[in-house]
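Think of it as A, B, C and D in the order they're written, each chain with its own count starting at 1.
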Amino acid sequence: MKRVLLAILTVLIGAGIVAATALVVSARGAEPPTIRATVSGTANTPQGELPHATLEMSIYPNASATAPGPDIPGGSTAVVANSQGWPFYSPSTSIELPANSLVTITLHQYDTGGQIYNNWLAKVTGTVDGKATYDGKAKASIDPANVAHTFTIHQYPQSTQPYFFVNVPMPAQADNAKNEANGYPKPIDVTFSFVTGAPGTYIWNCEFPCGTGYVEFGGPMSQRGFMSGTVTVV
Amino acid sequence: MSTLDERPTPEADEPEIPTNRPAPLGIVSRWLKRPYARRILQLTVVITAVIIGLTFVMVAFMNMSGGPASDIMNEIEKTMFVLTFVCAPLMGFTLAVITYSWWGGWGMVPADETPTEEGPAIRTNGVAVVVWVSVCSMLAAFLVIWGLVELATITASSYGSVPSNQQPRDAKAIDINVTGQQWLWSFEYPGNGRVTSDVLVVPVNVPLYFNVTSLDVLHSFWVVEAGVKIDANPGAITNTGFTPNKLGTFNIRCAELCGLHHAYMETKLVVVTQQDFDSWIREQGGAKTS
Amino acid sequence: MSTAVAIFEQKHVPQPRQVGKPGGFLRRTNAVTALVSGVVLAAIFYVATGAIVNAVTGGGQQDDLSLPEGLQVQITMMYVGWILGFMGGIGAFAGPIRWFLGHDLTYADAEYMAGKDMGRKKFWKYTTDHKVVGIQYLVVMLVLFGFGGLLAMLIRTELGITWAEVFNPNFYNSLIGTHGIVMIIAMIIAVSGPLGNFIVPLMCGARDMAFPRLNALSIWLLVAAVPPLVSNLLMGGIRDGWTVYQPLADQAPVGMIGYQICIIVFAFSTGIASVNLITTIVAMRARGMTWSRVPIFVYGVMGSAIMGLVWFPMYQYSQILALSDRVLQTSFFTPATGGSVWLYENLFWLLGHPEVYVIVLPATAALLELMPVFLRKPLFSFKLAIAGIFGIVGLSAVVWVHHMYMTGWAPQSNYPFMLSTELISIPFSFLLLVMLGTMWRGKPWARLPMMAVYAVIWNKVIGGITGVYLSDTPVDQYMHGSMFVVAHFHFMLMGAGLFGAMGAIAYWFPKMTSRYFDERYGKIGFWIAFAGFQVTFFAMFVAGLQGMPRRVLQFDNAFNVANWVSTIGAYVIGIGMLVFLYALVISWRSGELAPGNPFGAHTLEAQTETPVPHENFPVLPVVTSDPYDFGVPDPYELEDEELIREAEGASKVGAS
Amino acid sequence: MSAAAESLSPTTGETVTVIERRNRMGMWLIIVSCSTGTVALLVAYAYLWSLNVNSAWAPPAGTANWAPVWPFWVIFTGMFVATLLLWRGQQLIARGNSRALVRDSALASLILLLCFVGQVVQIATFPFGPQDGAYASSTLWLATANCIWLFMALFLTGAVMNRTRAGRITPESRGHARLVAMFLTYLCVAAFLGSVFTTVMQESPNTGSPVFGTFKE
């Protein structure tokens, strides 16, 4: 009888260890805080009259006093150790958008760049009339040799939710662009709109190699909170 | 046992020998009379049947998401049936023996007692060894031959009739450049004015020929329902191909761990009619299929 | 017995000069000093390298993106420091230095190092006695299994919760990689470590291994190699499968260095252990133990040692080169600068496949060893078993490309390698026949080891048939890289390897710990784990057939049900394993005391008393028959002969 | 059968010949294992040479010149001579001449030391850095591996000298000298193969390798 209890106790202790580890780890790896697009009025779209949501974000080349880096809850030692100089999307990378509405995202781009690997990604895809506005000028694509980042939403492996693909390249700042008071050059404002479908979960990431390690896809490129995140359509 | 054959064979003219002599097939029939023999054979038959039945379940699972969508997938499923049919009897026998023994068919000594009597001192059995080894070897040989033929077949339909020079089977085949990168697939149609797309749109019943490469790490280009898979290697171009034979939307997944968003590196294969394909190419701003 | 060397005579052998007290430097070293000096030296190396890096790069290089290269060097040196410090602290360098100086061991030294009359302390020291090393391996293996099992539970938790990311994708990727490699290491040592070291010399009738000091070296190298691997989870993880395919591994944070260092060191440990085992088996068998009287378990261990010895360096060098790619920016595996991913895959799988047999062979051979004992029947067709083992050892060298069918490396090579891969099923069928033949008409003794035999044959059959699918290139074109593969190799490595190891350990537990293995809880745990195992991996087969790729943490709803079932099964396995562990602990602490030969085996290890005396055998034994002379004349044979005699009598009557 | 005739091992009491047979077998196994590693390096060299991935086998145009091959051969010759010396030494000690072994092993150590220094210098003065393409990497590692081997060899030959002087290697039990000689022989083979590879395989035969990330037309 005593042995039965001890055996059960062993099992319980084991289960406890597993549960505890799972909780700790999942807390340490949690996503950065969610930012929501604000719905204001409606807009005419090819799909008809839809609610219109707007969202404003920035891309910084590195953290600084004016632009503190992303707050990653926990975040592994290696990340914390050398993420100060990493480029990142601000204020956060966990985005929440309203379903079945027109979403307009405005991005202030402060970072330099260069040649993108896949020229096709220098082309705007999936936005309304396939264009994006760069400092007021509407373009269908930008110079592949002068890309800073891209904002690329793509599919989550869920056959039950609508297929969703948006790609908007961000032109690079000139390398010699002079900084302003906040320590960054004058931002390039990129505005684009797309129509969301039924609710679903998606992910997005930057497709321009701006990280560390092999083909510069390590570091920020492979780290939620910097150059990749989630898009939740609700 | 061999002593049986050394029996002096009687002359033709001598009287018939009393009936207590074992029949010509004496060994087998006496073996079959042993209490366990029939049991094990019955079990074997049952289990074999079950295993063969399971194959249909397996293939049903493979077709759950709408396949088979290509000639190659049909070949693969056929091969699975063949492989199972060939191996099933062997598995059936093995499982039958362990089930019988585990069930105590030959008796069983409880764990808390110590065995008293010894078992039969069977060091080996020439017949059993020869039969088993030759059967297994023949099965293996058959599997190899079948596999080689099948491989040649699907290679022919993915690379063309000559695997070595990896050329499209015929001029009609649509050339598609598949680029894997972290964490996207993009498809370029060189024959159609370099149209590039994030989904793979193809006409039905037209052979496709893929050049696959990667811009960064290893990916694996897996068209699930078409049963086609080839790694996308950085610094090298690999080839595969198939002929879609079913209209509809199917899955393309990355089957090689490629980093943060590996799980999300998926897109669609959309098989449409030739007309729809042409119009799609046009609205992508590409030229008509040449 | 004239050649038998009784211990006391050795006092009369001329001795080299005794330097200091017996044991010398090793008197002062133990696990604690090793740990301390390891940590200290690691810290020193880390700081010093940091300073040097700053000096070289003018310190001004801390601009973000180039920092990691500096960090890489620092971390690498830190691990190197740990290894050197740990091995120095345990006293591993004392031997070579003494040898260089010509201060050879005296009998007293050797006895001290073998831990004579030292009590429990010897388990924490650089002890050369093979019995101590065997126990150390057993404990290390259990620890590794515990850790790997924990990770497995986390993986299944993530996959079971299909509606959300429980863990960060990066952590999940590190999780699967670490689980994989920890379990692989644990399985490689699972049988060859504890039993190979403890039992094999006894079975050969030897006083110790051929190279006792190398034996101690191999276990302590293993102990030193594990912490770097585990620490990777705190350093950004390895973010890649256990195969750490290049160049993805190049993108991973510094955690990857821990993996690479671990493998490089572990390869040394394995190589040394293999040299030791093979030499012991070939050169130290008792008088009269001809090759036809060597127990089959010894053959099995030898086969796996040969494969490990010959092929492990391939894996080791793949990691050395990968490390240099990472730290020195060389380009062996980075295609942009002339490296090749296929080079890595080939080097990796040149070990990667034989290693599967390194795991499966000893477990199988152990079961072959214990079956005659529990069935009171000779091993069926001993020679066929040997043929099977060496057939596998031979063919294992020429099948590695079946892991690369779909890489496009050389489509033509798929033909010959499909041939070789399907041929290797033939030697396996030999071993299967030996098992069935031994079981045939035997009256099994329903103890845990015998139960393991049934479980393992069942799992092997399922792993075998699915293996037939995967070895067939066309089918593999669908299956490759899917959950089907995962389920298949778990059936082989866990179903055949681990459950076999559980049986083998239960069988030799009395000899190693001089206490019976708790039959009741052992069986409960074993069968619970077995049931959970079936549920988990049959569900995983389904997921794979439906087209679920491996190593994903989010997937289509179509796979949800399969994954829920699989996760439930996994938790059941966890419960079973914990009960089994509990059984192991209570048996070890307070189990029923066992006699020297608890199960009536005929092998040599069963002939010496338990606990095994310090010199194993008071007088070296001489072998006069093979260890499988069980059984009584076969009644059916007699019956047949009876009939024949009657028949002949009858024919005589007729003739006259 | 009386063990008194032969000298016995102080630790196990077995006859020295038994122990030596065992040690030789162990050494053979170690050599097998090490040679797999060497093969891995050579395979890497030859494979990358034959593939010429992204046309980046040769060092880039800026630094493009191959490593001079003569240092490899000089170092190999040195190792070869040292090995011969050691073999001769342990032949002589078999005839009872211990001083010969001391002298020869001392000489061998000296030569190996020179080789070691030479190897370090060669690595330091390669006309390319480790990051200059696949040829640079493979050559660098062949040299580095040899460097590490030489360091070990130095320790071994030094030990032989030392032990012979200390009277631990005697005409009766000289097994260790022979073991070291065996290992040195293996190192010579490895160094020889390395030199051959670096000499005969320079320009890659494959000129048509695809450019990274693009498709052939």
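Convention: a contact is a pair of C-beta atoms (placed from the backbone, for glycine too) under 8 Å apart; a residue touches a chain by one contact, two chains touch by 3 or more.
Since the structure is predicted, the reported quantities are computational estimates derived from the model, not experimental observations.
J.: Suppose you hop from subunit A to any chain it touches, then on again the same way; how many hops at least until you reach subunit D?
T.: 2
J.: Taking each chain's centre as the average of its Cα atoms, which chain lies closest to the overall Cα centroid?
T.: Smallest offset from the overall C-alpha mean is found for C.
J.: Go ahead and name the chain pair joined by the largest number of contacting C-beta pairs.
T.: Per chain pair, the contact count peaks at B-C.
J.: Which integer distance in Å separates the CA centroid of subunit C from that of subunit D?
T.: Subunit C and subunit D have C-alpha centres separated by 30 Å.
J.: Could you give the separation in Å between the centres of subunit B and subunit C, each centre being the mean of its C-alpha atoms?
T.: Taking the average C-alpha coordinate of subunit B and of subunit C, the gap between them is 30 Å.
J.: Between subunit A and subunit B, what is the separation of their C-alpha centroids in Å?
T.: 42
J.: So how far apart, in whole Å, are subunit B and subunit D when each is placed at the average of its C-alpha atoms?
T.: 47
J.: Show the residues in subunit A shared as contacts by 2 or more other chains, in ascending order.
T.: Only 117, 156-157, 159, 214-215, 217, 222-224 qualify.
J.: Counting only residues that touch at least two other chains, what does the list for subunit D look like?
T.: Expected reply: 53-54, 212-213.
J.: Can you pull out the residues of subunit C that are in contact with at least two other chains?
T.: Residues 169-170, 239, 247-248, 251, 335-336, 339-340, 342, 552, 554-556, 558.
J.: Pairwise, which chains touch?
T.: Touch list across chains, by label: A-B, A-C, B-C, B-D, C-D.
J.: If we count contacts the way the header does, which residues on subunit C are in touch with subunit D in the complex?
T.: Residue list for subunit C touching subunit D: 2-3, 5, 9-10, 13-16, 96, 99-102, 104-107, 109-110, 207-208, 210-211, 214, 271, 274-276, 278-279, 282-284, 309-314, 316-318, 321, 324-325, 328-332, 335-340, 342-343, 346-347, 350.
J.: Okay, in this complex, where on subunit C does subunit A touch?
T.: Per the stated touch rule, the residues are 63-65, 67-68, 71, 150, 153-154, 157, 165-171, 234-237, 239, 247-248, 250-255, 334, 336, 521, 524, 552, 554-558, 574-575, 578-579, 581-583, 586.
J.: Flag every residue of subunit B that touches subunit D in the complex, lowest number first.
T.: 177, 179, 188, 190, 211, 213-215, 234-237
J.: Subunit C touches which residues of subunit B in the complex?
T.: Answer in residue numbers: 1, 3-4, 7-8, 10, 14-15, 17-18, 20-22, 26-27, 30, 34, 36, 51, 58, 61-62, 64-65, 72-73, 75-76, 79-80, 83-84, 87, 90-91, 94-95, 97-98, 101-102, 106-112, 114-115, 117-125, 128-129, 132-133, 136-137, 140, 143-144, 147-148, 150-151, 153-155, 159, 163-164, 166, 212, 216-218, 220, 222, 224-225, 227-231, 233-236, 238-240, 251, 253-264.
J.: Spell out the residues on subunit C that touch subunit B in their complex, using ranges where they run on.
T.: Going by the criterion above, the answer is residues 169-170, 173, 239-241, 245, 247-248, 251, 335-336, 339-342, 374-378, 380-384, 406-408, 411-412, 414-415, 418-419, 422-423, 425-426, 429-430, 432-433, 436-437, 439-448, 454, 457-458, 461, 464-465, 468-469, 471-475, 477-478, 480-482, 519, 523, 541-542, 545-547, 549-556, 558, 600, 629-637, 640-641, 643-644, 646-648, 650-651, 653-655.
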